[in-house]
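Two complexes come next, and they have one chain in common, chain A, joined by chain B in the first and chain C in the second.
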Partner chain A sequence: MNTNLIIKPDKAVEAFYLFFIVHTLQIGAGLMGVPRIIFTESEADSWIAILLAGIYLHFVAWIMILILRKYDNADIIGIQCDVFGRWLGAVLGMVYVLYLFSILLSVIKNYIEVVQVFIFPEIPLWLMSSFLLSLMIYAVLGGFRVVVGTSFIFFLLTIWMVFTLAQPISYMDWDHFTPVFHTGFLDLMKGAYKTAYSVLGLEILFFVYPYIKNKQKISLPVHAGLALTTFLILLVTVVSIGYFSPEQLKETVWATLSLFKIISYPVVERFDFIAIALWMMVIIPNIVLFCWALIQSLNRLFQLPEKPSLYGVALLLFLASILIEYRVHIDKLTDWTSTLGFWLVFIYPVILYPLVLIRKRFRKENSI
Partner chain B sequence: MEHSTLPLQLDNYLNTLKQQFNESPDLVQKVFHIKGQEVVIHFISYQIKKDRLERELLESLTKSDKPWSVHDLQNKIPLASSQTVSSMDQIAEHIIHGNVVVYLPGEKEAVAFLLPQQQTRALDRAETESLVFGPQLAFTESLVTNLNVIRWRLDTDDLVVEKLIVGDRIKSEVRVVYLKSLANEENVDTMRQRISDLKVSEVEDTSVLGQLIEDSSSSIFPQLINTELPDRFCNSISKGRIGVLVDKSPTALIGPMTLFSFFESTEDLYMRWNMGTFIRLLRFIAMALSIILTPMYVAALTYHYEIIPTSLLVSLGQSRAMVPFPPVLEALLLEMLIELLREAGARLPTKVGQTMGIVGGIVLGQAAVKAGFTSNILIIIIALSALASFTAPSYLMGTAIRIIRFPMIILAGAWGLIGITFALSFILIHLLKQKSLGRPYLAPIYPFQWKDINDSLIRLPFQKNDTRPLNVMPEDTSRYDQLKAAEKKDVDPS
Partner chain C sequence: MKRKRIILIVLLVLICSGCIPKSYIEQLGIITAVGYDMAGEKSIRGTMVMYQFDPSTTSASQVVTSEAATSKGLRFEANRMTSHRLVSGQVRLELFQDQLAAKGMTRYMDTLERDAKVSDMGLLGVSEVPTADLLKINNSKESSNSGESIKKMIEKSVDNDVLPDATIRTFMHDYRDAGIDPTLPMLSSKEDTVMISGLALFKDDRYTAKISPQETFYLLLLKEEYKDGQFQLQLPDEALKEFHKDTPGPSEEGPLHVSLHEIDSGLNIQPKQGDPTEQDVKVTMEARLLEITKDVDLKNKKAIHKLEEEIEKKVKSDLEQFMNVLKENQVDPVGFGKAYNAKNRENRVTNENWRQQIPNLNVSFDVNLKLLRHGTVE
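And now, the complex of A and B:
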């Protein structure tokens, strides 16, 4: 396998779009329920935990960019094969494939469950999952440019929902944040660790890097995207903590969506219905980008042709999403995915970087 | 045909030609005897100007003092467009196109003189794309007249008009029009290639040609603009786009286009920028309303009555209390009614049409509510969205928007807001995949082009709007270099 990819110029996109790629991939199913998860660990100091997670996020992104810059035009599959050799590289590639598949599945399952709980208890599982999967197939068939376009357009169409939070903000009780710095360091770290599922998606950088035209300029959009993600999670969590009482928040599974419940306008009484339906537009860039990365990896690892593998993956996702029925299993899947994602996305690059450096030095000495 | 090439003797020649025209009674064959020489003239009586034939051709032909030769025919007769033809097929073709063919039996070539008479209507006001403000002229069915108008509007030698012939059985003349120094060469090549690669037996109209050469003919959205306005056509050409004219068609084709250009009207340019921007934004809002309003009504009433404000819910409930149908059926019924009115209005003779529209609209609407068929509020919503769909300056786009509504209403009836979001997402991804002459259809939103927003989503003053649309990739992008400099030379420099 070639470590570097050769990309036709008409398939590549500007670095500017990395902001949207990274950001839309991070914001998805996780954001719906993140306040409770962090709050159960870090209580009133959750905001510190999120900030810590955000700083670490930037650190990982920095490391990832350093790794990618060591190569001309490589993706993670190629880099792993270069560093670990053909066989071990392929095995690690399979880990990525597995991870991408399980995150796809968990995103789809979580959204379907939200729809069933909030607006449509009677909507069949297979229908919702075929809605999402058909959109995914349709977008991925359009190639990389359409995939990026999906994340860009859907970001523009959904980001305004942030401003509707103005109403819950006006009902906030600031006493919920005191006492400050009361939480122990360990609990803060736990809270930061629990943020992981909501901020997964950074790893897409490892896959799209070869497709970026002006590679010198990737730092700014990537970090800006991460900053916006951190800000949104911070905002949602802070508003939830201020709005709900601590006991209530611990009981509210999808706190973000529950916030939307009290938002009402002269023309719309209950905004949460519209918000949850529109959340589909937040989910679609997620599944489209993850699916593209998955198909891409399969193609790189096993030279699988893209169309059949796309249909195959969609079919597997469809079957899996029907078979997993209960909340307990979805939770288990989400937990498992976020653990795997934590190690793969937030720890692994830090280990990989020195290995890449050693490998490169070793190569150089060999060649001299 | 064995006798298809010249030279032929007189009788043989006349017979062959008669057969070629299926013994047509309109083919005039006349043999003159001038100075002992036989000269054959033929034409189709209604295809040529008779007075010019007599005055300019026959007079000089009969007044000659020595026998004619092919060379003399070409040089001594005071008609500018003469051509020599050498096969019977060519002769027939020239006769059809309004030539008078003169043949001296025994010669290798005949001479064709162009004296055409075309029945065309005069230039008229635009009907389907009428403007309130600005040039009112519309294209006609005659290619020559249309080219004449274009040459007059764009009087520069930079204008290139390429001639292509399309159609195997019935040939149509197609002209590709662009500015040489502006139009992107790849675009021109694409357009030319697609037209000349066509293997069809005939092309009925510009819009048919448009559908044949579009990037995706299965899409509901048109990818090339069909316009009947010369000012819109020339405006697009001067921005580096490429136009196509087809003979016998009163519309022209322009490409590459974006989705947003279907909501632009040249009127926006003629108005002041703030009004232009307002009206342009109004059209986008109208499009969004037109697509979303009825499905939202259906979704809200079928599943999510919680999203309707309490005060509205009461009056809505009252007006719907009598209605026996589910909201989907109610909405589909009324939408069909509006579409029927529109279609009937388009087909009916003008004099009856208006009356029928009013009677149909008002009487049917009133009666439908009185009879408990539909609710008042739905009538308002449907009328509003139908009205909104007619704001699109392009008729094809307006129709596309109206048709999109039907599947959306059905989806909304089946799965509420989820159905609507699914449909909207599908439309967006579909639009992302579209291309026009290989250029992205959703530009300048995606790929994002900040400079193009100036004159697509909104219209800024001309000083700010100093580049041509970049997604067309014009060879020269800058438009008003001197505008700012000119300001400094004003009379009152304070």
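And now, the complex of A and C:
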């Protein structure tokens, strides 16, 4: 397999779009429930945990960009085969494939769960899942530029929801934040670790890098996207901690969505219904980008043609999504995915970078 | 090929959207208010006020009563008595009979939280008379039904700083938070009109005592900051004797009442480090005098100062009395425990240990009043 990809200029996009790609992929199903997850670990000091996680996020992105810059036009699949050799590289590639599949499944399952709890308790699983999957297939069939387009459009269509949080903010109780630094360091670290599922998505950089036209300019949009993600997670968590009492927050599964429950306007009494419907627009770029990365990896690893593998993956997702019915199983899947994601996205690049350096040095000596 | 795909997708969307369950508004009975009463040892009686948009019926709202063991069971039972499908997405008011509230509210609150259809901004209330009676009172002059008018009455009172917030969200928040107890408006009926008779104090989730509207003022003074409150109080008869105007008139006799308006209050609760039962409370008020039952020479600066002093003294002693009520009932609707928690790392207050500490609570008040204006006459 070639380490580097050859991309036609009409398929590539400007580095500017990386902002939308990285940001929309990070914000997804995780944001709906993240306040509770962080709060259970870090209590009133959750905001510090998120800031810590945010700083680490920037660090990982920096490492990832360093790795990618060592090659001309490679993606993670190619880099792994180059560093670890053909067989081990393929095995590691399969880990990525497995991870992408399970995160796709967990995003779809979590969103359907929310729709069933909040809006349509009677809606059948297969219906919701075929809605989402048909949209996914439709977008991925359009190719990489359409995939990027969805993330761009849906970002603009949903980002305004941030401003509706003004109403819950007026109900905040600032006493919940004091005294500051009451939480132990270990709990802060646990809180930062638990933020992982919500900020997964950074790894897309490893897949889209070959498709970027002006590669020297990628740092700014990537870091800006990460900063916005950290800010949004910080915002919803801070508002939730102020809005709910501590015991209540520990029991509220979708704290962010529950915040929307008190928002009402003269025309729309219950904004939460609108918010959950709109959340589909937050989910779509997620599944579209992950699915594109999955198809891309399969194609690179096994030279599978894109169309049949896309239909195959969609069918597998469909079957898996209707077979998992219990809420506890969804939770288990989410936990498992976030653990795998944590190691793969936040730890692995840090290990990979020195290996890439060694490999490069080794190769240089050989060639001389 | 492309056209084929588009047709396929359109077809899929059309077919699939048919599978989503539909709700026709003519077939729905939209519950707007629910009242819960004790019906026996184990069961509760529910009264539901519902709207219907059926063009063939004349009355827009209907009241249904049923008995069951759970609140969702009530809805199920009530479904057997009406031709409409009852839905609870628009419930805006939930009333509980005092006896039922005294047994604990959590078992009814659980479903309100669990059911995402119920809005968190719905109002809660406790009733001294059976809620079925309250909701069946039909004063068509004011609103389309009694539930609607009670809801508007509570909303207005909360807006005008007469009652603390009574939404489900605030109740659940205060119930779960450590070091604070929730309160709800108390309703009663008098000659076929619903009225707010005071405030219900809760010990955890159980209703324990009722306080008068007068005491509610003091609670609000300690709980939040007034922006535009009003209040009447009685001072000792001879408190301002030296400043009475020379012309003796009928106003010389009788008690001295003053009425304060546009009260703008500030609050500072300062717990002692390490000891949640020792608290200093500083209340500052700015107000306008609109009514005084004696002819006092208000041109005299000293008279104003004396009046301020007298009111401060009165408010302080009333606050201390009010604290005794709270201590007797072992409740803390003000949130002294919470104020302590916000500032201390050690010896923190929890829902369990705070209850025993409330009777030992020792609060010293410092009241400061400024009478800025006194109307168009001096």
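Remarks
Here is the rule we use: the second predicted complex is superposed on the first by the 368 of 368 C-alpha atoms of A that agree within 3 Å, B and C clash if a C-alpha of one lies under 4 Å from a C-alpha of the other, contacts with A are read in each partner's own complex, and residues count from 1 in each chain.
By definition in this document, contacts are C-beta pairs under 8 Å (C-beta built on N, C-alpha and C of every residue); 3 or more make two chains touch, one makes a residue touch a chain.
No experiment lies behind these values; they were computed from the predicted model shown.
In the superposition on chain A, A:P179 makes contact with chain C only, not with chain B. By the document's definition of touching, of the two partners only chain B reaches A:V115; chain C does not. Of the two partner chains, chain C is the only one touched by A:S258; chain B is not. When the two structures are aligned on the shared chain, A:Q248 is found in touch with chain C, with no touch to chain B. Of the two partner chains placed around the shared chain by superposition, chain C is the only one that A:S130 touches, whereas chain B remains out of contact.
When the shared chain is aligned, chain B comes close enough to touch A:F152, but chain C does not. In the superposition on chain A, A:F16 contacts chain B only, with no contact to chain C. Contacts of A:Y138 after superposition: both chain B and chain C are touched.
In the superposed model, A:L278 lies in contact with chain B only, and not with chain C. Chain A residues 120, 123, 127, 131, 138, 264, 269-270 lie at the interface with chain B in one structure and with chain C in the other. Across the complex, chain A is touched by residues 9, 12, 16, 19-21, 89-90, 116, 119-121, 167, 169, 172-178, 338-339, 341-345 of chain C.
Touching chain B in their complex are the following residues of chain A: 13-14, 16, 115, 119-120, 123, 127-128, 131, 135, 138-139, 142, 145-146, 149-150, 152-154, 156-157, 264, 266-271, 273-274, 276-278, 280-281, 284.
Chain contact summary for the complex, chain B toward chain A: residues 303-304, 306-310, 415-418, 420-422, 424-426, 428-430, 432-433, 440, 442, 445-448. Listing the residues of chain A that touch chain C in their complex gives 117-118, 120, 122-124, 127, 130-131, 134, 138, 171, 173, 175-176, 178-179, 182, 243-248, 258, 261-262, 264, 269-270, 272.
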